[in-house]
Amino acid sequence: MHIPDGYLSPQTCAAAYVVAVPAWAIATNRVTRVVKTRNVPTLAVLAALSFLVMMFNIPIPDGTTAHAVGAVIIAIALGPWAAVIAVSVALLFQALLFGDGGVLAFGANAVNLAILMPFVGYGVYRLIAGRAPLTSRRRIAAAAIGGYVGINAAALATAVEFGIQPELFHTASGAPLYSPYGLSQAIPAMLLPHLTIAGAAEAILTGGVLAYLARTDPARLAATHRDVPATAGEPAPAGGRRLTPARVSLGFVAVMVLLTPLGLLAPGGAFGEGAPHELNLGQLGLHAVPAGLAEYNGFWSHTLLSGYGFHDGQHANLAYILSAVIGIAVVAAVIFGVGTLVERVARRRRGTDPVAEPETA
Amino acid sequence: MGGTVQASRTPDWLLRGEPGLCRCGPAGIRRKGSFVEKTLTGGADLLRQVMFSEEIAGRPGLLQRLDPRLKAVSLVVLLVAVGLVHHVGTLVACYALTLLLATASRLPLAFFIKRVWLFIPIFSGIVVLPATLSIVTPGEVVLPLWHWHGAPQGFTAQGLTSAALVISRVATSVSLVVLLTLTTPWTRLLAALRALGVPRIFILIIGMAYRYVFLLLGVVTEMYEARKARTVRARRNDRAARGFVAASAGALFGRAGHLSEEVHLAMVARGYRGSPRTLHAFRLRAADAVAAVVVLAAAVTIYGGDVLVGR
Amino acid sequence: MDGSEPGADDLVFSCRDLRYAYLGRFPALDGVSLDVHKGEKVALLGPNGCGKSTLLKILDGLIFPDGGTFTAFGQPVTEDNLEDEQFSAGFRSRVGFVFQNSDAQVFSPTVREEIAFGCLQLGLPTGETAARVDDVLAMLGIADLAERAPFQLSGGQKKRVAIASVLVMNPEVLLFDEPTAALDPRTQAWLIELIADLSAAGKTIVLATHDLDALDVIADRCVVFAEDHTVSRVGTPQQVLTDRELLLRANLIHERSRVAL
């Protein structure tokens, strides 16, 4: 997940810094203004914690590893701006102490993991949790889903940054200068482990820590949960559920669709430069992607893409948009699925509770 | 009231000797350490490595003598130059240059090379391999492996070039970063960042976070060891370890919060009011000016030479 | 109850009927009054959780009582007063606090920066700060640790650094929370000697402790807390140590403990 130097062009890294530097400035400003002195040790300890979380590489059955980041739980406890600083500092350590993640690429890593991730994750959390009490299952599920969506948003952004490299930057003979994988390969390759293992790790971490804090130490959540009742003392109003899983996933789709063109606007206008190499996407779809996905990919690339003149110079834009659409659709579908599941569980619990309560009361 | 009452409350089974819940002798079953254990060992390594780095940074060598601010700026300039290169040859030359600098700075060369290349097979080697094939990087097939719809498929010149470019670029970039971090004590590096305009509050947070990484690592290690000492037999190591991570993360978060409150009080007690002040002052010397010129010339040569070779 | 002696002009701290509860629910102090005079050594004794640490934090202006008044050097110490830059700087430089947990107190990347922290915050020029840091390092025999990072230090070394970081500000009053807890015997002996020396140099010392062995060296006056968060007895170390009933009640000794006098 941490992009090393050499995988992104200096131009892309510069563009990332253009996004990251103002975000750091705003974050510093905001965090310093809110609580004057307390924030420094808190952020320092959280940064150390996030660094440790990233150190714990969880083995994935395929032999590689994945790790959680902790950005979303920090955003939930102290607000997304605090998470921006804490995770940025943790990433800086990774880069300087471990050589994990580059120095030029630090801006890009920060944009993905320290800016995009906490904001997306926190937004999803707020949307799903609504005004549910602190210790309620819905709020914990909201945190878990927030963590899950957050890390996947970061993975998607990383994949897009990788994926635009071969089209934008290559030698005269067509050899990619930096990351050699196009969007149609980078997006599934990044999202697959994150939709499964790393996403699950982040979800467990975020939900688990929130549950722990809500139960034992609610004071630590006070900064971001002022208007939230502490316990399920009062029953949630019937009309209080403003957010259905469908709405949340639609919201995600909207945000990502708005963000997608940024990839096309990224440095240079080198798309139609008549690169001599032919990127045959139909063929790509069949073979580039590791075994499991090949069938699925092959299906749509043949039925949907083969007729669209992918052999001319315009393929890059289309390929980009298509892969983005697929990536977004997959994540949205997962949000929808998990949301529906949570809702169903919640409804079932609510269905049984009224029966149980009169007996005890 | 203490003594006798205490003794009578002790359950019988605790006072009786017991041969142990299972036998102590070896049964020939060994389990590999879980990922948590590996990470914690890695943590101890990190500590050792950091102390070793500090020792190297104190040696009298070429890069150790230079101003940390200059080194930080030079690193960025050189990284950009290396990033813009189009030819593997240029990158290999740059890599050779980093080895030269490492020797001049009295870094143990074997350690330096190992430190850089340990990462490369993991992060780049495996990742880049498929890209050498025509299915990822289309182009001139130099070594056909199979055929698809009559077209030969296999390693392409473009794919091989690309893989070589990525690997040599990553190796050179990582080497440059390692050169900086191994020849600059951590605190000087922080002070240099401060001098280069990173806000003071950021520097304070970074410095403090660095200090507490090791403390929290100790806490996690303790929690893990305490649990391990109580674990008699675990079914599957990694699953148990995953459970441990989830359970301890919450407790750790709570402890970290408590710690940060204590630190806050300790800072306030010594007059901290929200705008930290630091001790460091830098002085540029003649050697630094010379080094700056050399770095700029090197960057121009790297980029210019690469352009001259042809695009 | 407060055992104050005549002569209010040498009064350092004056606490009247202090009340404090954590999160508004868990009482830590329940009506505690105490005067501390210049040059005195006061030991706070009592069971764990009786409010000794809370009282020290109030004396250092880190937390503020829910009820009662606290004045230091003749001025009331409140959250509002400490917002004032001049008052805050004055108070912080006159009162130093050595925390029980050295890990919380030693937070800087190196020992040298740690010790310089307080002086720099209070606006001392860098040159003078650096000179003072060197002096304190030499005085406590830790000059060789100056460039070390805190994680490279042993518990005893960390305690020395924590004390150095407070002494460098040359405070009139020193507060110690469980100074000898979890230290090896040699560091303990060193610390007890240091406290005696500081007292001889005219510093006022307030410490919370369980250490009865050295009580007559580190204290002129003992304030014994009861488990109900009130002061149950004030007296000289001699008076307190001979009152076996009191020591048992305050959980300072066990039935089978022998108090060496």
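Going in written order, the chains are labelled A, B and C, and every chain counts its residues from 1.
By our rule, a residue touches a chain if its C-beta (ideal position, glycine included) is under 8 Å from a C-beta of that chain, and two chains touch if they have at least 3 such contacts.
Molecules present, by chain and UniProt name: A = Cobalt transporter CbiM; C = Cobalt ABC transporter.
Just so you know, these numbers come straight off a predicted model, no measurement behind them.
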{"item": "By mean Cα position, the chain sitting nearest the middle", "value": "B"}
{"item": "Chain located farthest away, centre of subunit A (Cobalt transporter CbiM) as origin (C-alpha)", "value": "C"}
{"item": "Subunit B-subunit C (Cobalt ABC transporter) separation of Cα centroids, rounded to whole Å", "value": "40"}
{"item": "Distance from the mean Cα position of subunit C (Cobalt ABC transporter) to that of subunit A (Cobalt transporter CbiM), given in whole angstrom", "value": "48"}
{"item": "Intercentroid distance (Cα basis), subunit B paired with subunit A (Cobalt transporter CbiM), Å", "value": "23"}
{"item": "Residue numbers of subunit C (Cobalt ABC transporter) (touch at least two other chains)", "value": "107"}
{"item": "Subunit B, residues touching no fewer than two other chains", "value": "207-208, 210-212, 215, 259, 263, 267-268, 272-273, 276"}
{"item": "Two or more partner chains touched - positions in subunit A (Cobalt transporter CbiM)", "value": "41, 44"}
{"item": "Subunit C (Cobalt ABC transporter) residues within the subunit B interface of the complex", "value": "57, 60, 62, 85, 88-89, 92-93, 96-97, 99, 101, 103-110, 112-113, 116-118, 120-123, 126, 129-130, 147, 149-152, 165-166, 169, 254-256"}
{"item": "Complex contact set, residues of subunit B against subunit C (Cobalt ABC transporter)", "value": "1-3, 47, 51, 54, 185-187, 190, 207-208, 210-212, 214-215, 259, 262-263, 265-273, 276-279, 281"}
{"item": "Subunit B residues within the subunit A (Cobalt transporter CbiM) interface of the complex", "value": "35-36, 39, 42-43, 46, 50, 75-76, 79-80, 83-84, 86, 115-116, 119, 123-124, 128, 130-131, 135-140, 148, 157-159, 161-163, 165-166, 169-174, 177-178, 181, 189, 199, 201-202, 204-213, 215-217, 220, 238, 242, 245-247, 249-254, 256-257, 259-261, 263-264, 267-268, 272-274, 276, 311"}
{"item": "Partner subunit B, residues of subunit A (Cobalt transporter CbiM) touching it in the complex", "value": "4-7, 9-10, 13, 24, 28, 32, 36-38, 40-49, 51-53, 55-59, 65, 73, 77, 85, 89-90, 92-93, 95-100, 102-104, 166, 170-181, 185, 204-205, 208-209, 211-213, 216-217, 220, 277-280, 283-284, 287-288"}
